[in-house]
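Labels A, B, C and D are assigned to the chains in the order they are written; within every chain, residues are numbered from 1.
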Amino acid sequence: MHRYKFVLTRPLQFLPVIFGISVITFILVRLIPGDPARVILGARATPTALANVRAQYGLDQPLWLQYFYFLKNLANGEMGRSILYKIDVLQLILTRIEPTTALVISSVILSVAIAIPVAAIASRNSGRAPDHAVRIISTFGIGFPPFWLGLMLIILFSVQLGVFPVSGYGSSIGDKLAHLVLPSLTIALSLSTVLTRSLRAAMVEALKSDVATAARARGMPESIVFWRHVVPNSLVPTINLLAVNVGWLIGGTVVLESIFALPGMGQLLVRAIFSRDYMVVQGVAMVFACATVLVNFIADIVTVAADPRVKL
Amino acid sequence: MSVQAIEPSPFSWRRFFGKRLALAIGGGILLFFLLLAIGAPLIAPYDPILQNADVRLQSPCLLHPFGTDNFGRDILSRVIWGTRIDLQIAVIGVLFPFLIGTAVGTIAGFFGGAVDALFMRLVDIILAFPFLVLMLSIIAILGPGLGSFYIAMALVGWVSYARLIRAQMLTLKNADYAIAAVSLGFSRFRIMFRHLLPNAVAGSIVFSMSDATLVLLSGAAVSYLGLGVQPPLAEWGVMVAEGQSFITTAWWITLFPGLSIVCLAFGFSMLGDGLAELLGVHE
Amino acid sequence: AGVLTIGRREDSTTFDPIKTAQNIDNWVFSNVYDVLIRVDKTGTKLEPGLAESWTVSDDGLTYTFKIRDAKFSDGSPLTAGDAAYSLLRIRDDETSLWSDSYKVVDTAVATDDRTLTVKLKNLSVPFLSTLALPNASVISKKGMEEIGSDAYGEKPIASGAFVVDEWRRGDRIILKKNPYFWQADRVKLDGVEWISVPDDNTRMLNVQAGQLDAAIFVPFSRVEELKKDPNLTVTIDASTREDHLLINHAHGALAKKEVRQALDMAIDKKAIVDAVTFGQGTLANSYVPKGALYYYADNMQRSYDPEKAKEMLAAAGASGLTLNYLIRAGDEVDEQTAVLVQQQLQKAGIIANLQKVDPSQEWDMTVAGDYDISVNYWTNDILDPDQKTTFVLGHDSNNNYLTNYKNEKVKELVAAARLEIDPKKREQMYVDLQKMAKDDVNWIDLYYSPYINVSRKHIENFYQNPLGRFFLEDTVKN
Amino acid sequence: MSAPVLSVRDLTIRGHLDTGTRTLIDAVSLDLGKDEILGLVGESGSGKSLFCRSLVRLLPSSLLRIEGGSVLLEGRDLTKVSDAEMLAVRGSEIGMIFQNPTSHLDPVMRIGDQIAEGIRYHHGLNARGARAAATEILSQVGFPDPARQYDSYPHEFSGGMRQRAMIGVALSCNPKILIADEPTTALDVTIQAQILKLLMEIRDKRGLSIILITHDLGIVAQTCDRIAVLRGGKLLEEGPKRAILSKPQHPYTTNLINSHPSMPDSAPVEVIKASGVTKPLLEVDDLNVCFKVGGSLFKGSGKSVSAVSGVSLRVMPGETVGIVGESGSGKSTLARAVLGLAPISSGHVTFDGIDIAQQKASGLAKLRHETAMVFQDPYNALNPRLTIGSMLGEVLKVHGKIAAADIPARIGELLDLVGLEREFANRKPRSMSGGQCQRAGIARALAVDPKLIIADECVVALDVTIQAQIIDLFRELKEKMKLTLIFIAHDLAIVRNLCERVVVMYQGEIVEEGSSEEVFARPKHAYTAALIAAIPDIDPDKPLLRAGMRHDEPQSTPLQPAKCMP
């Protein structure tokens, strides 16, 4: 399988990306005015207490030295210690990875599950009422602020109808899934519109394509033409779009995590930024970066699997 | 070549607009908002920041068609004045990324090689960089407000344009007319910007329309985190975010600015669709 | 019986009491740890905690505590040695954020298993109050030495009503009843879950939908609506929270007392109480919270008079005053106050430029004196007014709560009040301080606001004392 | 003619377009006999494809509708039967082969599965049975290792093999009628010959009736039994092949026949003997061009393709040299390397005495000033956003050979020269036909006022009649302006018509070189001989494919591991 050789070589290219991100995050968070020591000490801060905290976390060291320690830690698989939570950053992050990951994955699954049939209906009725309806709804759907939409869904499904939990994450698998429905639906309502538009366009194109004509010319009924030829050929461009969007999503779940009280990394990140918990910000940024890179990597693999012509 | 009779067909609106329908709707909506923005001082019935303790949380009525907020400010007037800021957000939030991305994409795509590799690594980094960290950091460094928001958008947003343009340039630079231009002894600058760029840019223009929606929504998300425009300015995202506390008691505070975002986004999307058809761009 | 679920904004950060100074942590500590001396439900009296009783030597320097027969949550006995260890730890440990407050302790010795003797370096009347601080909770010496402070901070060995069963970071803290608690028969709940639900709306909706038993931090704007819901009880408990407008005395015309007085008159606090707190707050007339120890109810309150303010400004040569008003981003109440105050000041001819920055930067700028006015609030940690008075008026290291307020007479009085043993005289000193502060306008007192919590109807006895302590040992879930 | 298997009566198709209603097929009546190959010829846009697609009711757009006439297949009128019935007709009664196999084969489905799909659906075979049947078909259409090639994807094959696969797909359900829509236009002559041969074999073996669409009369002459000529949606004439070719009724048909390039031209190319001039204008010496393929930043050595290897060539001033060879033989690369548009791996190019490799700056400047190129694809070679006038103006301005004030006049002259109306100065390429675009491209080359023009397959995309016009134009210009011309084509017939000297390339090397007459009369190299033999002659009595047929094609993309300099 020589086409999959990039699976072995590609990870090497990740290193400079991750390194670049570590440098930028490091500099960026330290450019932010504000002092973590003061944040955790609050109004009762006294100079000795401040100095103590700064010394404990090495914040009194010169910047380059701090970065050096950061890299050194990283090489040992450590990410330092949270100033706010007083524990190891990696340990802290590990407790928060699951909800975010679950949210992203469930949203993607839901979005795709919505987008494919909807795009199918629209493209197969291209230019007719269902198509126009889908296009208009999806064009409108893009504009809703997610935090507003999320709240509306809670009011409707949880408070009025009582079918899904209002917020939180739950402990058993079933419980977690129930908790994920509304937040993923909120994301899916906007993500699926983006996917639908792209898929619809690709499908309309593919339905008119020579491939479809050729299949019809050998007497294939429309359903086979569609599901065996049009769909596989329309997926490839959408995979890329999906990857880009998932990349955005990974770092952008914070608003929904907050609305739905999901104990994920987005919330952790925002609180860490607001309290200048440098190590946590760096750690989360690294995890997000790695996740994004991983998503793109997976997208590449899927693309290669879905389209035998692609070589990477 | 082929000689065929063309019979005139009866007039129909459908045919008149034809493919331009989306363009017309989108353009119409944007024009409407633009007029609102320009005419805000004339159209808005009240001062958007004037508080009136007597009419706090007034539901929509004749005097206040969109109701009032918890300070007794007129929502309609705030929505109308908000148009100015939100249009500006959409336009500036897209314009700078567009310009930067186009320049970078053109150069990277045209020259290829080391320049390209360098830029593309940068693109990789920015794509993998958590947007929120950047956005919040920039806002924290420069203070909340539109300036920081634009800078953050520009720092991140150019990547999409650069990628689009670069991909176009990579194919276009091998197009026969590009090679023809080289063989005619045209300068690189001329080839890049006069011959290739105009042909490469259509996709980006179409994308910029959906990008405008993304920018609006990013602005709203930033407002949700409390880092939107400085009060007491009226901006839709901030209005929706602030009105959240009243969502069960005074729905009108969030509904109208929320709908305005949706409508503006709809306008941009339609315009994007229209442009795509006009410029022959496939998503 | 049953497990009480409570929604709050943020998750805790640690269970190691000396490492935090945040309410979010302290409010959970108080039901996990126990302290030597407690503050009662009304927030006005000290009452025995792990210390059954205590005596103070005549010079006021030696305190002798009789430690109750109690056990830690791991079943090991709690001794005077543990109490001494805890006190020295908060004073000496380098990770302690509170060492300054306990520097007054000279020695703390367990004379025997049940007797703790504390010697102070110098007289300090508020000392007993500081022992009620949740951060001074008694920890197990043996436990701490065995498992280390990190593990302790995750799952402490404590002696309070509940023990930490599980901590799902970012999500919830699950507490279960502590069978070894010395008042175990008082505890009716099987357990408590503190659940973080950052969004105010979602938190309220959770209670409305019956998925949480209770939620704290009810936004002012929601009180009336929630009160109407027959399934809910809205609890409004007196607090020690006081919101005030900081004034940077070091900036230009603000150094003049008359200008500050004019500013005070230009602000319509009643309007703020109405519009921002939806009538839940009450006008503040002193830096000491209403109902707290030594609060002076008859303190002067300048009436709202923008015209007079304008005149005074003109007289002080400060017409057309332009002020930089710093706001903390993300705090809805702060922002709303700012919007109101801005318009009010305008009526008195003062231009306030709002500058919104992120919370920790706001703090930084305030500390750096990079502001003219800014809204802030304070909640008391301890019963005694000395702590706040020292911070606000006492000229200690923080420039009088960053206002750069200077008044030598006030400074001396603050120091003297700390040493006055006679409660009557002491009260008079604090009344004087409140009058002087008001006259000087060290800052502008805006309003006092209560703790507002909501619970389902079947929850009883869910309340806080003014220092914020929840009495979950009394709470009943039917 | 035996009883027709398919007969079309007064078929009329109209398009209801934005611009109005157009009649695209105008009352066409045709019969297709059993075992017969019917050739349908006509220029681009004449309605050939539309006609065929209408037979199976697969019109390209819902705006086009069959609005009259009938298509009778075994007594049923296909324009009337139900959609379900039509499904059974498509594939199992009428099979279709399309012009462009690359776009008609599903790129993400295995070749074999595409054949098996129809078999399973129409014959209800199970997966195993369909696979066996499909493998059998693959071997019938000439796949050397069908069992293995069943699992390959279309892009893994060359154009010729793809067309075979396409034929396999069309045959999968054993149809009685095969419609082949320009099945060889995208292919090289040699491969074209193989495909045509295959079609005829299949016809013989299976007793098929075939409608073969083409715009090349040569193909018709070689393969068909009857000919129908279509123009502007109307059937101009129809009849047995020989009758039509020898006695065309319609002037358009006559014109078509006369402009066929395989017609020996009346005026033989006169060879201008290099009288006095001894210095060649262009000298190519042992030129190598390699392309790196694959490889990336992190793995150093990818493979190298040697596109041009060891080519030496001299072109005298005023000479016209033709370069021929199949696709991928390195013709374009050579042209580009000569013009400094492709990097040279080794060797020398000397233009008018200046070695370009050595004096890069001045050499290139001189090249750009004195040479010009005309491209294959007339549309893609013109910037779609510039009008012809501004395009020409820009060239004139940049070259600065004439004063700015004279530019408009010069533009007019150039348009006159290539036979375009002056009003074309204000047109954009999109509003022009292929032939007009190609003229504009030539005008652009002339604007440089070059000594040397390299025309790279500049007539391939055009209709025969227009091809002939362009060739005439070149001939005229060459004489008028004393141009040196390098004319690249894979069509030998055109080169023979225009050039005095011809160079034959095969896999990056020159395999034969000499005067046109000489090479065509007595090809020395086997490859040249095969090329010549593969040209379909318009004379039906000069049969196609005298040379031996190979089933396997020459490997057209030589992937040689780093044979060239790094």
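As a convention for this text, contacts are C-beta pairs under 8 Å (C-beta built on N, C-alpha and C of every residue); 3 or more make two chains touch, one makes a residue touch a chain.
Everything quoted here is computed from the prediction, not taken from an experiment.
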Message = Of all the chains shown, whose C-alpha centre falls nearest the centre of every protein C-alpha atom combined?
response = A
Inquiry  = Counting C-beta pairs in contact, which chain pair has more, A-B or B-D?
reply    = A-B
Ask   = If you average the Cα atoms of subunit A and of subunit B to get two centres, how far apart are those centres in Å?
value = 22
Query = Using CA atom averages as chain centres, what separation in Å is found between subunit B and subunit C?
reply = 46
Key: Cα-centroid distance, subunit C relative to subunit D, in whole angstrom   = 86
Request  = Check each residue of subunit B and list the ones that touch at least two other chains.
outcome  = 136, 140, 225, 244, 247-248
Remark   = subunit A residues touching 2+ other chains are 13, 32-34, 151, 155, 258, 273
Touching two or more other chains - residues of subunit C = 199, 201, 330, 358, 361
All chain pairs that touch each other = A-B, A-C, A-D, B-C, B-D
Message = Touching residues of subunit A toward subunit C in the complex: what are they?
response = 32-36, 38-49, 52-53, 56, 84-87, 92, 95-96, 99, 151, 154-155, 158-159, 162, 165-169, 258-261, 263-264, 267-268, 271, 273-276
Message = For the complex, give me every residue of subunit B touching subunit C.
response = 49-51, 53, 56, 70-71, 136, 139-140, 143-145, 225-227, 230-232, 242, 244-249
Subunit B partner contacts - residues on subunit C that touch it in the complex = 199-201, 219, 221-222, 225, 271, 274-275, 327, 329-332, 335-336, 338-340, 342-343, 354-358, 361
Sites on subunit B touched by subunit A in the complex = 121-122, 124-125, 127-134, 136-137, 140-141, 160, 210, 213, 216-217, 220-221, 224-225, 237, 240-241, 244, 247-248, 254, 258, 261-266, 269-270, 273, 282-283
Key: subunit C - residues contacting subunit A, complex   = 10-11, 13-14, 16, 19-22, 94-100, 150, 153-154, 168-172, 195-199, 201-203, 205-206, 208-209, 211, 330, 358-361, 363-365, 367, 376, 378, 381, 391, 396-398, 401
